[in-house]
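Note that chain A is present in both complexes that follow, paired respectively with chain B and with chain C.
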Partner chain A sequence: MIRSFPVTPFGGAGKTFSIDWEGIYMKRKSKSHSLAIFLFLLPALILFVGLLIAPIIMSLYYSFFDWNGLKALDPSEDFLGFGNYTILFGERIQFGKALINSLILAALSVFVQLPVSLALALALGKKIKGERVFLSIYFMPVLISTVVIGQLWLKIYNPEYGILNTFLRAIGVLEGDIRWLGEKNLALGAVFAPTLWQYVGYHMLLLYAGVKSVSPELREAAKLDGATDGQVNRFVVIPSIKPIIKVSVIFAVTGSLKSFDLIYVLTNGGPMKATEVPSIIMIRELFLKNKYGVGSAIAVLLILLCFFFAILIGAIFKERDIYGKK
Partner chain B sequence: MKRILACLLVLTMVFSLAACDKKDSNDNKATNAPANTTTDAPAASTTNDGEYVSSILQNAVELTLWDIAVEGDGNRPAYDAAMADLKAKYPNVKIVETVTENEAYKTKIKAAVGANELPDIFFTWAGAFLGDFVDAGKVHCLDDVLKKYVDNGELPEAMLGNSTYNGKHYGVPTTMNVVGLFANMDILASVGYDHIPATKEELVDCCDKLVAKGITPFVCAGKETWCVTEYLEPIMEKTIGATELNDIFRNGKTWNNEGIKTSVATLQEYIDKGYFDPNGIALSNDEAKAKFMQGQCAFYQNGTWNCGDFSNPENVKFNVSVGEFPVMDSSKSKAGQLIGGPSDTIAVSEGPNAAAAAEYAVEFGRLICHYGYLKGSGLPAWTPWGDLSEVSPLMKTVTEICNKANGYVLFGDNAMSAEIANIYLEYVALVYGKEIDGEGFVNGLVKEIG
Partner chain C sequence: MERNNIKTDTLKIDTSKYTVKKTNKVLKVLIFAGLIIWAFINLFPIYWMLTFSFKNNEEIYGGNVAGLPSELRWENYEDALWGKNIGTASKDDTGFQLPKLIRFFINSLIVTVATIAISLVAALMATFAMTRIKWRFSKTMNALFMLGITIPMHASLLPVYRTMSNLGILNTYTSLILPYSAFSLSMAILICTGFMDDIPKELDEAACIDGCNLGGIFFKVIVPLMKPALSTIGIYTFLQCWNELMFANQFMATGDKITLPVGIQQLSAGQSMTQWGPIGAALVIATFPTLLVYIFLSKRIQDSFIAGAVKG
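On to the complex of A and B.
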């Protein structure tokens, strides 16, 4: 609401000033809203900065020093610059090889794990009988402790009494023992199998939520046009859940880069570093060799790689506008 | 009004973050507490029978204890018996114990040192492992408390060697262990041996006969590299001698040693001949030990902390004996040179409870040693006392071996610093996996360590 007031200054002709009371009220209301928003976000912000941002910055700081984590850090004496980063790619640590293992796991996650999860989500999204039961069953490995899953698969892979070798011997495919976790050329695949298996249910649940959110009218319209179930999935459902697929891909890739617990339980990076991934090296450098600088450098590199892949995947999945531009 | 309530709610949530602190605020105080000096040593008192009773432990105090004596560990009964005795002696002392598995404990304790969150009393390994903590100024000196036990002969000064740094004592040895060659005597009898092979020739002959009969001589847990060192280090010691190996492990002597190359070649030769379970490379120590206890292999070379388990007829249904690994090169080594020593140690962190913790830790270590010897989980680092009739025949055999010993070399991963020990273990793993030979092992270690 704007009100005008005639104002006559000394010796001057009358002038009219307008005051936009409504605008002032809206600005004040907006400011108090902003304050409320800030205050409500403050706890989460403190946690985010304290538990996520601050440790990242500290890791970056420590990565420039030769520090054993036990004594107080002496910046003048312990400073190494980029020395820890160059050590990583040297002959001893073989960080590059570990990174390749992680990238293989990431590729398997995207091209094996996610298609299986998507297939399950599409199947369960059709309102089949026992849908909730199947959902729970497929999600169960996600809930079980990774250490328990590791111990389970250790028994499955046992060369002598493990169920895998026993089954292969029973069907006549195998005569002796296969050391699934003891052979260099088998251990990596053997370790990745339970890793991929454990999180199929997790991605399935994400994609299932997306599938369920697709409007039934779209499906019906496609069916009316003569589309088969497969064509409905391919041309209607999957394009509709593209944002969720993008999220799943990001989670799968970044999770693979950071994978640790199952590999630690199964092989601890062995045999002869065949299953080593960056996280295993990081833990060893930090806690067994007391090389906090090197461990921090690995942590920083992992963060940068996760960022890089998140941005890359976002770019790949970016929607085109009506002119075909992204 | 609504906004005021909303702001109050937000402020409550923000300030509630301050409550997310450690349960025991005393933990924070420990990091700033001044180190105890020798002038703080408490007055001692004795009972009528001369047994030492600590005055400071008469007061109510709560002490935190971390150790690795998990359920099923050979040391657990000794820990339980020791804690029961001390609970009866010092009823006002409350112990809050946290038990962690061996490998995970190494990570946990180092993280605690770095974060200034060490418990009052903690298990540790002597040598360089504890030395790193002492260098960081996190460990309480035990000179005052240990003195009376050393002076009256209860604790031989030699047993404190591995936990002495810059002339001061920082650990209480609980047991002494050596690497022993445990043997299934029933299996050996089936190939004509009524004793553990005492020479290299006998060992090879025995193993050849076992292999011919389809029996695996040795099982070694390749998944845990320290288990591989239980085989490689005795071979090295019995090839180049204890003094030379000690110089390499502890005194910085070069790894460029023909005897080391020969030792690696010997181990790999035995692997090639089928003396070792080929599945062992993927086994954990528990799995490998279980194979021996189930009678699936003839020998299991590991620490004498296993004597308790192997002496228990519920665990082992066959006749078990223990001996030392045979001499490989008699021109440089001889029988009686053993891998091991007092490594298992109890230490005390600097903090407000350090004085009380020191008194408790020393008595605790003494009792663990006593009961551990009785129950077969370790050799006595302290002078044995009391009724020793319960000591198992297996442990008595080990005691006899140690009584004849003329040289000890501390376990490699305890003797060397953390970084060097892990480099060494990486190369040992490559040796067991046949990725490198003796030349590669030596050249690699010379390049990395010297």
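On to the complex of A and C.
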């Protein structure tokens, strides 16, 4: 007995319809169909709504109140409106600075990390000797725990015995110590370097996947027309992997806005707030200062920023596509 | 037929000759040098970690910072696993002793594997409902799930923390597995959709004619054919939760269920300045199981990752 037919258009609830498929006519109650759809979606919906959608709505709600979480939230008494958002940009927290830091990181990942990844992907994409070995090595840092990498870089940056200062002393550039993570002007760069370094492999492999999916015939054709390697990359490969580049850019930017682990391990925002980013402040406000309203406001701003940049990047790439077609 | 084949063969040979002529040899050497330098930058920290895990402080402070250790000091490893300083072994109820580090590793493994399993099953089912069954809001539903890719996990930290705390399940594996699964779900659905689109719909139709209902089609047709998607989803989910620190730090800060990142952070934060050798050994122990698996399976892991990038 045929009870359902998945490839047919499905009306609304309560609508009975018949299917014409190789002369077989079926009548089916769509109720059982709806139930099946519901059951298949159920686990995902529970996870998604329960642990993602609902908490976000709650965060938004909390962000309008002055609340420390110790007593029950009293909506009439504790209401602050956008007060938490103004507190954020005040003298105590200086959220703007943290925001600028994470935007600097985002810019660095788009304009330094991604070009490096793309260059590696393009170089590896055209059957170079040891392609697989290089690929494996470049992806390695991605697999190492960020905390391990953080601890390792703490040692690399160690002023007295760290490998970096030792090296600089050995080649005679440096006398004495540089406190890479302790100086206000150096710390930001010192913290961003391993962040950018670790994920080059990730983006490289994404882009490499794209480069490999460009059909060889297309390359050959371009070469027969007299294009150099550079021109093939510029006019054939890069335009055809634009969708993947877009994904990479979105991941790089939203990843930078979310960045937490390495900064937490290396400096935890110090010295003198020099390396603070939104999530570091959020954790401090939430769990050390019990400022649930302020912390939630940061969470809300982070979501908005991520959406804003995802949409913006999508729009930029769309425009370029139309331009390219002209 | 045969003649055609020969023709294309000769054509291919011609083009490759043409390529060789055109390529600038100097440029090729430069590119190769660049690749090697970048490989060195990637490998050096790992090499360094390995060497100083075998050194004592005198050797590290005494100028032999980057070189090979003068002798292999396995006592560092002993210290990292069993020593009083770092790895005081934790006793569980049965009195069975396990070094803390190994314990953390197993904890991380449990959380990651459970997360992969849950998000995989949920994603398979949801993708099936959204792409193989036609209904009015299937596209909208899919778009909703895709929002999850951009939403930062931070956003749900406090509400989820409070809920877990009220339910009394903080410091259990569940408290991490649930949020990790929820935030891995969108990516898993995205990848599943790519793979499921490759399964011809005619198979569904044939199964339907043979008397399968939706459940039958799902379990007998779709699930067996989705095996390649399994490793891809596994890789992406692994990358997302193996390293996760923020949730792990808040939800499981104490007890013997803490995951590897939190454990490493706690172990080394206390004495990062004094004992380098045992810390190095701890970092190596935390890292090398993953790296060994990766070295043996690197081609498969990369191919799975690549499949996700192309299909996603």
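The rule we apply is simple: the second predicted complex is superposed on the first by the 274 of 326 C-alpha atoms of A that agree within 3 Å, B and C clash if a C-alpha of one lies under 4 Å from a C-alpha of the other, contacts with A are read in each partner's own complex, and residues count from 1 in each chain.
Definition applied: a contact is a pair of C-beta atoms (placed from the backbone, for glycine too) under 8 Å apart; a residue touches a chain by one contact, two chains touch by 3 or more.
Please read these numbers as outputs of a predicted model, since none were measured by experiment.
J.: Do chain B and chain C fit side by side on chain A after the overlay, or clash?
T.: Here chain B and chain C cannot both sit on chain A without a clash.
J.: Of the two partner chains, chain B (first) and chain C (second), which one does A:K223 touch, if any: first, second, both, or neither?
T.: A:K223 sits against chain C, while chain B stays out of touch.
J.: With both complexes superposed on chain A, which partner does A:F287 reach: first (chain B), second (chain C), both or neither?
T.: Touch status of A:F287: both partners.
J.: Give the label of whichever partner, chain B or chain C, reaches more residues of chain A.
T.: Tallying touched residues of chain A, the top partner is C.
J.: Looking at A:V300 after the superposition, I want to know if it touches chain B, chain C, both of them or none. Which is it: first, second, both, neither?
T.: After superposition on chain A, A:V300 lies in contact with chain C alone.
J.: Kindly classify A:L47 by the partners it touches after superposition: chain B alone (first), chain C alone (second), both, or neither?
T.: Both chain B and chain C are touched by A:L47.
J.: Taking the superposition as given, does A:W180 touch the first partner, chain B, the second, chain C, both, or neither?
T.: Once the two structures are laid over each other on A, A:W180 reaches chain B alone.
J.: Could you look at A:Q94 and tell me whether it touches chain B, chain C, both or neither (first, second, both, neither)?
T.: Touch partners of A:Q94: none, neither chain B nor chain C.
J.: Which of the two partners, first being chain B and second being chain C, lies in contact with A:S240: first, second, both, or neither?
T.: A:S240 sits against neither chain B nor chain C.
J.: What is the shared patch of chain A, the residues that chain B and chain C both contact?
T.: Residues common to the chain A contacts of chain C and of chain B are 36, 40, 42-43, 47, 69, 160, 283, 287, 292, listed in rising order.
J.: What residues of chain C sit close enough to touch chain A in their complex?
T.: 15, 18-19, 22-24, 27, 31-32, 34-35, 38-39, 41-43, 45-46, 48-49, 52, 60-61, 65-66, 118-119, 121-123, 125-126, 128-130, 132-136, 141, 144-145, 148, 150-160, 162-163, 178-179, 181-183, 185-186, 189, 201, 204-205, 208-209, 211, 213-215, 217-218, 239, 242-243, 245-246, 250, 260-262, 264-265, 268, 272, 276, 279-280, 283, 286-287, 290-291, 294-295, 298-299, 301-302, 305-307, 309-310, 312
J.: Applying the document's contact rule, which stretches of chain A touch chain C when the two form their complex?
T.: Within the complex, chain A contacts chain C at residues 1-12, 21, 24, 33-34, 36-37, 40-45, 47-48, 50-52, 54-56, 58-59, 62, 69, 116, 119-120, 123-124, 128-129, 132, 134-156, 160-163, 166-167, 197, 201-202, 205-206, 208-210, 212-213, 220, 223-224, 228-229, 244, 247, 250, 254, 257-258, 260-261, 264-265, 279, 282-283, 286-287, 292, 295-296, 299-300, 302-303, 306-307, 310.
J.: Provide the residue numbers of chain A that touch chain B in the complex, in ascending order.
T.: Interface residues on the chain A side: 32, 36, 39-40, 42-43, 46-47, 68-71, 92, 157-160, 177, 179-182, 184, 267-268, 270-272, 283-284, 287-292.
J.: Which bits of chain B are touching chain A when the two form their complex?
T.: Against chain A, the touching part of chain B is residues 3, 6-7, 10-11, 13-14, 17, 106-107, 110-111, 113-114, 132-133, 135-138, 222-223, 278-279, 281-282, 287, 418-419, 422-423, 426, 429-430, 433, 435, 448.
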